[in-house]
Every structure is written in C-alpha cells, then in structure tokens.
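Chain nomenclature is as follows: A, B, C, D, E and F, assigned in order of appearance, with residue numbering initiated at 1 for each chain independently.
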Amino acid sequence: MPYKTIKTAEENGTGFIYFDREDRLNTITVEMINEISSALSDMESTCRSIVIGGKKNFSAGADVLQFPELNPSEAYEFHRKLNELALYFREYTWPVISFLNGYVFGGGLELSLSTDIRVCSRDAQLSQPEIGLGINAGAGGNVILPHVVGRNRALYMILTGARLNAQTAYEFGLVDILAGNALEEATRIGQVINTKPENTVKLAKRAVNNTSSSHIKTNLDYEAALFGILFSGQDTKDRINNFIKKKEK
Amino acid sequence: MPYKTIKTAEENGTGFIYFDREDRLNTITVEMINEISSALSDMESTCRSIVIGGKKNFSAGADVLQFPELNPSEAYEFHRKLNELALYFREYTWPVISFLNGYVFGGGLELSLSTDIRVCSRDAQLSQPEIGLGINAGAGGNVILPHVVGRNRALYMILTGARLNAQTAYEFGLVDILAGNALEEATRIGQVINTKPENTVKLAKRAVNNTSSSHIKTNLDYEAALFGILFSGQDTKDRINNFIKKKEK
Amino acid sequence: MPYKTIKTAEENGTGFIYFDREDRLNTITVEMINEISSALSDMESTCRSIVIGGKKNFSAGADVLQFPELNPSEAYEFHRKLNELALYFREYTWPVISFLNGYVFGGGLELSLSTDIRVCSRDAQLSQPEIGLGINAGAGGNVILPHVVGRNRALYMILTGARLNAQTAYEFGLVDILAGNALEEATRIGQVINTKPENTVKLAKRAVNNTSSSHIKTNLDYEAALFGILFSGQDTKDRINNFIKKKEK
Amino acid sequence: MPYKTIKTAEENGTGFIYFDREDRLNTITVEMINEISSALSDMESTCRSIVIGGKKNFSAGADVLQFPELNPSEAYEFHRKLNELALYFREYTWPVISFLNGYVFGGGLELSLSTDIRVCSRDAQLSQPEIGLGINAGAGGNVILPHVVGRNRALYMILTGARLNAQTAYEFGLVDILAGNALEEATRIGQVINTKPENTVKLAKRAVNNTSSSHIKTNLDYEAALFGILFSGQDTKDRINNFIKKKEK
Amino acid sequence: MPYKTIKTAEENGTGFIYFDREDRLNTITVEMINEISSALSDMESTCRSIVIGGKKNFSAGADVLQFPELNPSEAYEFHRKLNELALYFREYTWPVISFLNGYVFGGGLELSLSTDIRVCSRDAQLSQPEIGLGINAGAGGNVILPHVVGRNRALYMILTGARLNAQTAYEFGLVDILAGNALEEATRIGQVINTKPENTVKLAKRAVNNTSSSHIKTNLDYEAALFGILFSGQDTKDRINNFIKKKEK
Amino acid sequence: MPYKTIKTAEENGTGFIYFDREDRLNTITVEMINEISSALSDMESTCRSIVIGGKKNFSAGADVLQFPELNPSEAYEFHRKLNELALYFREYTWPVISFLNGYVFGGGLELSLSTDIRVCSRDAQLSQPEIGLGINAGAGGNVILPHVVGRNRALYMILTGARLNAQTAYEFGLVDILAGNALEEATRIGQVINTKPENTVKLAKRAVNNTSSSHIKTNLDYEAALFGILFSGQDTKDRINNFIKKKEK
C-alpha cells in the first residue's frame, strides 16, 4: 500500500512507521493521521511490536496550515481525530515504541505520550508551544501530560511553551530512555518484546492501560471541546495567521 | 491597600506577593492567609501572572503560636482556612508561580504544592516536620504530596520529617526548576506567560487543574478533619507546648 | 514463634523481618507469605515500625516451582494471596520500610511497591521478568507500578523484563532512597519514626494510603484474574516448565 | 436590597427566594442568576435554610432571547454562569430546598437538580426540551441527571425532550417528594431543619456533597464547552431564531 | 446484506434490527453478535436512530450450546465479544432503543442495559439466571447492573436469579418505560429523536456516556476475566452440561 | 459460643444472627458489634448465606448511652468500629441478607445499607435521626446512602431525620423487597442462594462489590473523622445528655 506521508517496513516481527514529511518537519495532517491508522491496522496480524518516528525529526506538531479556515466545530473535530490516534496507540494490540529525534513539538510530543515506550535521542528538543498560537494542546497535552510529568511541570511546559533538552525531559519523566541512536534502541526493544509470549504481551499491556487510563477518554474530549472554543477568538485567529505568514516569508 | 504580613507590587503585568514576616521566618497566620487572598483578588483584573514567595525564606510553616488553644473543631477550621488558600491558587484565573528560598517547611511547602509552577533556589531546604508536633500536614501534605512525589517518597517525608536539599527535591519532582536566583527566574517565567494570549492561558490552566484534581477537595477536607481529631490528644498538645517553650528561650 | 522461611527480631521498637530462603534466592512461597503475615500481626502491639528484606537478596520473585500444577482458579487464588500481603502492608498500622539488596525481581519488587518506604542498596538489581514465563506480574506489577514510575516506564519494564540498576531505579522513582548499606539506613529511618507520636504516625499513614489507593483493591483482583486466565495457555505452561528444567540442571 | 427578577423574604430562620418573572414564565437570565447568588450571599449569616422557586411556575428554562447573538466562547461563558449557580447551591452552607410548580423545564429543572431537596407539586410538568433548539442542556442536564435518574432514563429525557408529569418524575427519582402545596411542604421541611444543631447541618451537607460529587465540576465544564461548540452550527442558530419568532407572534 | 440470525429494515430514518432465532428463543451466538455489529455499522450513515429487539422474545441469554467446550481463555474471549457489543451500543453515534418482549434473560438483559433507552412490554419477564449454571453474568451484569438498580437489588437479582415482572423491573429502574406494545413505543421514540438536530443528538449522547461510564470498560474486562476463571471449575462444567441435556430431552 | 447481645442458629446452610437486646430496642453497642463479627467469622466455614436482623425491631441505632463520655478521638474510633462491621458485611465471603422489622433507625439503617440484600416488613419504619443529637450518621449514612437513594433524597433523610414507612422506603430504593413476613422471605432467599454453586456466588458478590465501592472505604473514614469533630461541640454534648435524660424518665 503506497502512502504519501509515511513509509513503512516490516522486519523480524516489528512494523516500522517512518513519518515522511521532513520538508514540513513532519508536521501532522489529517491525511497523515489516517495513513498511520491504516498502517497500524495492516500490521496488526503480521507484527508483534511497532516502532514509530521520524528519521530527522519526530514532528514539529500539527500542521498549522490546516487551521486558518476552521470554525469551532471543525476545530473540535480536528482535535478529536488526533485524540483517536492517541487512543488507538493505547488500545492497539501490540506495544508501540516511539523514537524521538530532533523536534518533538506540540501534537508530535502529545502523540508520543500515548505510545507505550518512548526512546529519546540525546539531541532531541521537546516542547508544547501551542499557547503561542492561542490554542490549547491536543491529544492529551493538558490532560495526559500531568499524569506523566506531574501537574506543576505540566503547567510550566504548557503555559510557557519552554523547550526542553533530552536530559531535562528524561529527568521530568517525559521520555523513558535516552539513547545515542534512538531508532536502534527502539528496534532492539521491539526485538526483545517479540521473543515474549504473545498472549501475555497483549494482556499485560491491556492490564496497564485499562487501569491507568480510566478518565482519559472523557478528558480528551473535554480538551477537544475547549480547543474548539478557542477558535472563536480573534486573538487566536490572528496568531495563527501571523505564524503562517512569518513561515512563508 | 496596606498589608501587615505581606508586601505587594505590580510590574509589567505580573503581581508580586512577598511574605513579610521574616522575623518569624514567614510562618503563616490566619491574618496572612486573609491578606494573601485579598491581594490575589485585587490583582485579578490588572495582572496576568502572580509571583509569590519570601525574599530570605519561603516559610517555616504555620505559626505554632496559634495552636495551643485550639479545640478539635477550631483546629479543623484552621486547617480548612489553609486548604481554601491552596484551592484558591488552583482556581485562580492566572498562573501562580512560587519562588522557594531558604526554609520551605510544613504549611509553606504544602501551599507551594498548589501553586502552578515552583522555582527553587539551589540553597533552599524543604521538609514536612509536622509529625514531630503530633499533628498531620495541612493544605494537601497528605493528599496532594503523593501525587507530586509518589506515595512512598511522600510517606518518607511525612513520617520522618526529613529535610531535603534542593537537588533531592528536584529529583523527587517536589520542585519544578532549580535556579541560582529563584525570584529572578520566577519573574522571567511570569514575563513569558504574559506574552501569551490571555484566554488561552486561562483555559489551559483550567483544563489541567480540572482533570488532575478531581478528588482533591474532598481529600483536603478529610485531611482537615483528621487534623482536628489529633488536637484531642494530650501528646499532641504537649509537643506543641514544648516546641513553643523551646523557641521562646 | 519459630518460622521456617523468615527470621525475626525486635529492637528499640522496630520489628525486623529477614527473608531466610537465601539458597532459593528468597523466592516467595505461600508458606513465606503466611509467615510474614503472622510475624507482622505478632509485632503490631509491641513495635512502632517494621524493617523488612533479605540480607543478600531481597527476593528473586515468586518461587516458580509452585506453578506447574496450577489450573486457572488456583493461579488466581495464588495471586490473590500475594495481593493480600501487599494490601496488608498498606493497611498495617505502622510504617513498613523495605531494604532492597541484590536481586529485587518479580513478586519481590512488586511487594516492595506496597511497603511504605523503600531503601535501595547501590548494587541492587531490579526487574519484572514475568513476561518471559508467559505470566503477568502479581501484587500490583501491572496496576500499581504505573502509579510509581508512570505508565510508559512501567510498560517498558513489564514488556521487556529489563533489569535496572539502582541508579536508574532511583531516577524512575522505583525506589525512594539510595544507600551504601540499605539495612542500616532503613533501621535509622525506623528509629526516627519511633520518636514521633504514635497516633499521628498512624493517622498520617492512613490519610496517605486512603487517598492515593482508591481503586487499587479492585485493580489487584482484576490483575489476579488475568493471571489465572494465562494459566490456561500452553505457551505459558511450557515456558514455566522449561524455566524449571533449566534451573534444575 | 431591591431585586428586579426575584422577591425575597426571611421568616423564622428560613430565607425565601421567589422567582419573579412570571410574565416570561420565570425564564432565567444572567441578571436573575446574579440576583439569586446575591440573595443567597445576603441570607447566609441570618438564615439556616433556603426555600426557592416560583409561585406559578418554577421556570421554563433559560431565556432564549439571550441566545441569538452568542458566539461559541460567549455561549460557553453563559453556560458556565449557570454552572456556577448550581455549584453554589451545592457548596452553600445551608440546605437549599426547591419547590417545583408548573413548568420545570430546561435550565430550571437542571438547577433544581443541584438544590438539596426537591418538593414537587402534583401538577408540575418536567422536561429537558433543549435538544429541540439544537443545544445541549446546562447546569448538569447531561452530567448530573444520569446520577439522579440513571443513564438510560436521562438519555430518554435528553434525546426526546419528553414532558413528564409529577408522578413519573417521582418514580424516576427526579423529585424527592410530591405535595399538594409544594411551597408549604418546602417551608415545613425548612422549619424542621432549623430546629437541628447548625454545625451538624453544615457538616452533614458537606459530607454528602463532597463524597457524591467528585467529578461534577470537571464534567460541568466539559458540558459547557460542548454547549459552546454547538453554537457554531447553523442548524442550532436557525432553531433558536425560529423558536423566538414563533413565540413573538 | 443477507443475515442468518437477524432481520433488518430502515424506515423514516430509523434502523430496525430484529433478532431472528425465535426457535432458540433468540439466544445469543457469536455469529449473532457479529451480525448485529455489522448491521449497526451499515446503518450508521443512513439512519439517525436504531430500534432493536425480538418480536416474541428479546433473548433468553447467551446460547449455552457454545459453552461446554470452552477453556478459561476461550470463555474470557467469548465474554469480551459480548462486552464489545455493549460498548459499541454506548459509543455508537446514534441512539439505540431496545424493545423488550417476552424473555429478557441473562446476556439479553445485560445487553439491554447498554442500549440507550429501554422500552418494556407489560408482559415481559426479566432475569439474570447465570448463577444457576455456575457462571457469572456478561456484558455488565455484575458491573453495570449496580449502577442501574443499585448495589443491593443487583445482588438480589444476581445471586438468586429471580425472575422479575415488568412492573417490578420498572420500579427497580431496570427498564425506562412500560408500554402495551413495546415495538410501537420504541418506534415512536425513534421518530421523535429523528426530528431533532443530528449534531446535538450526537453530542448529547456523547456527553452522557463519557461522564457516566468512566470505569466501565475496565470493569467489563475484569468481569470477563472472572468469567474465564469460573470455566476451570468442574461444578460449572457439570451444571452447563446438565442444563443442555435437560433442554435436549 | 454463648453471646450476650445476639442469638445465633444454623439451618440448611444458612446462618442466622438475631439481635437480642429488644429491651433496649436492639440499640448497637461495641460489645454487639464484636459479637456479630465473631458470629460471622464462626459461620464462614459452615454456612453459605447469612440472615440477620431483630425479631421485633431491627435496631433503633447506636446506643446513645455510650456517647456522653467520648472525646473526639474516641468518637472517631467508635465510628470506625461501626464502619468496620459495614465493610465486613461487604467483604464477607457469603451473601448477607437483612430482614427489617419495626424500628430501623440510625446506625441500624446504616448497617443494613451494607448488607447485600434487604427484605423489609410492610410495617417497618426507617429513619436517620442522628441530626437531632448533633451528630452525623455512621457506617455510611452520609457517604453510602446517596448511592442508594440519590443525593437529594439522602439529604432529605439526613437533614430532617424524617421517618419513612416501608412503602416510601421501597420507592426510594432504600430497601429491596417488601414482604409480609420479612424473616421468612429472607430465609427463602438464603435457601435459593444455597442451591447455587458456591464459587460462583463468591465471585459474583466480589465482582459487584469491588466495582461499586471504590471510594467507600476512604469516604467512611472521612465520615468518621467528621463524627469525631462534632464531639467537641457543646451543643452536641447537651443534646446527647438531654436525649438520655428524657429516655430515663
């Protein structure tokens, strides 16, 4: 199946999904979300673990070019698309391991929170810069992040948009493991998991997610609705347009 | 408005609240709680972020001189006053950033847990010493602290009253950021937040607090009720009186 | 009371429970669970704190020799025994401090999660290797661990069975304090707690556990039921038998 | 204090708040919400119970004349105003008893859910008709109602806008007590409560509300955000305008 | 699409799913679950409400003929199939209205709990008889039922297998509405809902389900795991086989 | 084993516990709580269901003669004793069926909430009159009752102390079944349950209680702490003493 925004491969029981919009810093589009979902679905019967990421950058976040025309209902629906992918990672039968290179920003970082294991390159940079555009984070940036780094550090990241280096991200618990070569380490972890009995892998992941995520679905939708609300503000619209104009120069 | 226990200032959209009972190590009194609340309320319409703390010490905890005469109902009500301030920080429209210098003990540390972002000076000392007086912690020292540092490290701090240095506090996640000059760094963070669109700041803080605090109000009141119960014990009364006598010498 | 699998002592108000199956790496049996419970119960009226662990190794996990004959109902009941001990630690009147030496694996590590304070020797090794046997973890390895180290790091440990050194365990928040001599440090902590007023120690522990564990009992039983389910799989049975055969050579 | 939309009285320790827009069927405006809050606040120190309602009708819901001009942010803020009153009823020191006459529709019914005790006249009619206008219910019509009548009966009411008579409302648990004269019975209940010791009344109400409402605040805000989202839909706008035109003829 | 176990129709925007195994009292098989799911999926784009049930009987429960050969893992998976249909009803875009005729037993009754609105014929009989076979209920019979009728009445039904008539079921809140002709009344309700604006119907259902079901998914899986556990008991096996033999005579 | 405050019997697998302080209207003492616990423990291995109640009256509540001397800590501990019995009913292996005759007041009613099935005589009277004495209810009267009858009806009962007849209690869901002879009906239900396979009875009860009670233990302790707090008020003390004096005349 030929994809436009990702490349895929399967090796020794591990499915690889490489984001392939490096010219746009792997910013996330609806098409890309659909292709990732579709690739995951295809790999479910033949793979036992998934490795996902971008070779140069993980992702600089949602592609802002999609935003200027959205009314609040459409913004809410867009956010729900992102949430669905996050929930799909969590409910997917097999472990999803992300490798984090380069920019891991906004929607990119937020999606990584819902992968099962996060391997971070030592020179990655991580940030939730959405506030600068007048929007709130998606895919759990407000409602999952506090469970990952604590309420206070989450607020620090969310309200300032501060850029963290890999070491600080590790200290905050924002990533699980630091590695010189994140793709190699993620692949190694996938291979280890592939040697484990598949029914146990499945049930162990299920037990963890079922018991640590009870309110997450509701909270994600609440977050999405607030995201929609923010799209009725002129300040948000102006900031989005300014951001796009600056980039285009 | 002239305050007795705090000093206030406003600069570039940030409100500053300085504790001003350094001769008593900024120990917290009901008057001081009322004045902090009142200052926050006054600043709500003119400021966009709050920076709060003490120039030499954050606070050595609740002022024990208030305790000897309390019966359990009064102790419960005193604790609820402290809880109200903690909840006010959480529900306050704008981000509240604490800077932690010197002693950050007991009720002082506990209040800092409910500020949004905590910047800690490298030479601060942090502790929950209440157990030595026969009382339990207030403002979430039993029910919020475990969400911040984990159940086990919380029990270690609560049951031993151990004094942590800034580095350990950072490793525990008890503070968010270490800084040489905590006040300057807190001010800088406030300035960054002031550049962000105000409606988004407001909703982002709301989304985080609404979803990470669902049981906190109930738990705070449970904690307050146990605090009251402890005031009917002779051992607690004796320890409080001994503590006061020792200090007075 | 003469025990077969543990040794006990009482000193200055602290009860000591030493695991005493070092020839079997202190692997846990039903008899050992019963003896620990019984020792705790005996010490309740005379002690004010408990220190528990193994002098060379904490424990290499549940003794696998008990597993080959279990049907799913029996496996579920075995797991519930382990859960009961974990819940007993949490509900025990006095603080339970574990000292972690050598191997801290599987059921051993999981029990330590439910002690109140965990002191870790700098040369300890920590791991949840159950997945290699086709079983899921017990005593909270799926449902408490995510609250201790976060969902993602929990999945990393659970799905790969990776062995962590003490420093990484400390960074993950898997242990509370590192010490050169874990038993000495645990003893010192116990002594500090013994100087605190007993009613306050009791209520402070109760407040923390009541408010941070609301769903844990249900989640533990869910985990136990899944454990039972896994015992009907041939793969799990084979892995257990292979593991035992390899050990016996 | 002269109010425009309500009348107030105090008798034997009970405060009475009568809705006074009978010409508009006591439909709720922002002014009326503010006046009710203000009256409650004034009565707090002199009264021990509150009786609230309308002599002919409780309320036909929010006044739709306020809706045509609202954008999603403004709709969200309007809904939050209603939520604040509902939360104020719950957190108010003294019991709030509603007497339900005539039309008890939409926002009127929803506010009554958050009063403490609901006395219903035998000829009252109760309904959540919002769906017909393309909006969702406010003040808990989606998130509190299911706790009151069960998820299924809530959905029946919400999705069909069905009008219930008093007997069915009683069978559903939507009201607590049926009475020939609801105001008299509410007054009698208030008088009984006034004979009880005030501190106990206060703490008993607090214990019930703290423990049965843990997620309600978050859920109310989620509901409000969805309400805002719906205001960006043309269908909703058209239905509101048609409804107003029909009424004006 | 020709189905074997159900019949379907669409009329005025309502999709109808009629169970069509009346010779087997509409007992539920995996094939039937699959066909219902498939029919729902087909109707999603063309219908706005669903009416579901059996013309003579709703369903006498899961078809016991599937049980004798199941090991615990298979029993767990079977139960999960039923749970998935229950969750699908809840998450389905449009309202699902069940009409309850004749026997509404076991898995049949339990599935009806997860439909949105339940219309009950006055001569229906309702029961959870599973306990007589040594199995526990599926699709929420242990974990959703208590939310519907209260913990105590749930235990009464679950532990005795008592058969309730329609009037008692209504008084318990086990059904929402009594009707002479349940299919007609369910159809009428569907028609009313079809006149409402579709986006609002969708969001109102979402708000109710998101906020009233937070733990249901986890609880359903726990229930399923216990169901599996019970299949390792000889008593359960014997009771299932005896039941089948009796029926076959 | 000869008991002073209860009589016991075993018949056809059912254990019977009859309250035997009819001269004191079966008011509950610490001795009685201990004897009930002890009887339950004795019956666990020989019985499969329990029937519990009083032949003339269920119980008029806690025996007030125990109250005048209690300080807040002691009051808190007394309340915790009652809570422990309520939790023991819930966690007891076998179903506990209460039969409710005559007075079912205060602590008596509250204990019945935690039995599994409640059979009510048509001439019973039910009430939570504690408020009249200045105390709050025990054993869940504030924190379990709202789950049984809804928040509003709970507040009505708690704040007014209103006496309900059996029919209203049934309509509120406060009792499960009405019977002419409650003891006979309870016995019949016990006999039906005894015919069911014991492992299934055990797991079904466990599944229901585990999933519907997650916060109850914490909430019970919060309730107990508030109970203690109220004992430091003079008004409460006076009301208790007056009540006792009136009775003694």
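Note that a contact is a pair of C-beta atoms (placed from the backbone, for glycine too) under 8 Å apart; a residue touches a chain by one contact, two chains touch by 3 or more.
This is a predicted model, so every value here is computed, not measured.
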{"item": "Chain E and chain A - chains in contact with each", "value": "C, D"}
{"item": "Superposition rotation for chain A onto chain D, Cα-based, multiple of 5°", "value": "180"}
{"item": "Remotest chain, chain C as reference, centres from CA atoms", "value": "D"}
{"item": "Self-contact between copies chain B and chain C, residue sets same or different by half", "value": "different"}
{"item": "Farthest chain relative to chain E (centres taken as mean CA coordinates)", "value": "B"}
{"item": "Between chain F and chain A, distance of the C-alpha-averaged centres to the nearest whole Å", "value": "52"}
{"item": "Euclidean distance of C-alpha centroids - chain C vs chain F, Å", "value": "37"}
{"item": "Multi-chain contact sites of chain C, meaning residues that touch two or more partners", "value": "73, 147, 171, 173, 199, 206, 210-211, 214-215, 218-219, 221-222, 226, 229-230, 233"}
{"item": "Complex contacts: residues of chain C adjacent to chain E", "value": "71-73, 76, 215, 218-219, 221-222, 225-226, 228-233"}
{"item": "In the complex with chain A, residue positions of chain C that touch it", "value": "131-132, 134-137, 142-143, 145-147, 149-156, 158-162, 171-173, 215, 219, 222-223, 226, 229-230, 233, 235-236, 239"}
{"item": "Contact footprint of chain D on chain E as seen in their complex", "value": "95, 113, 115-118, 147-148, 170-171, 173, 176-177, 189, 192-193, 196-201, 203-214"}
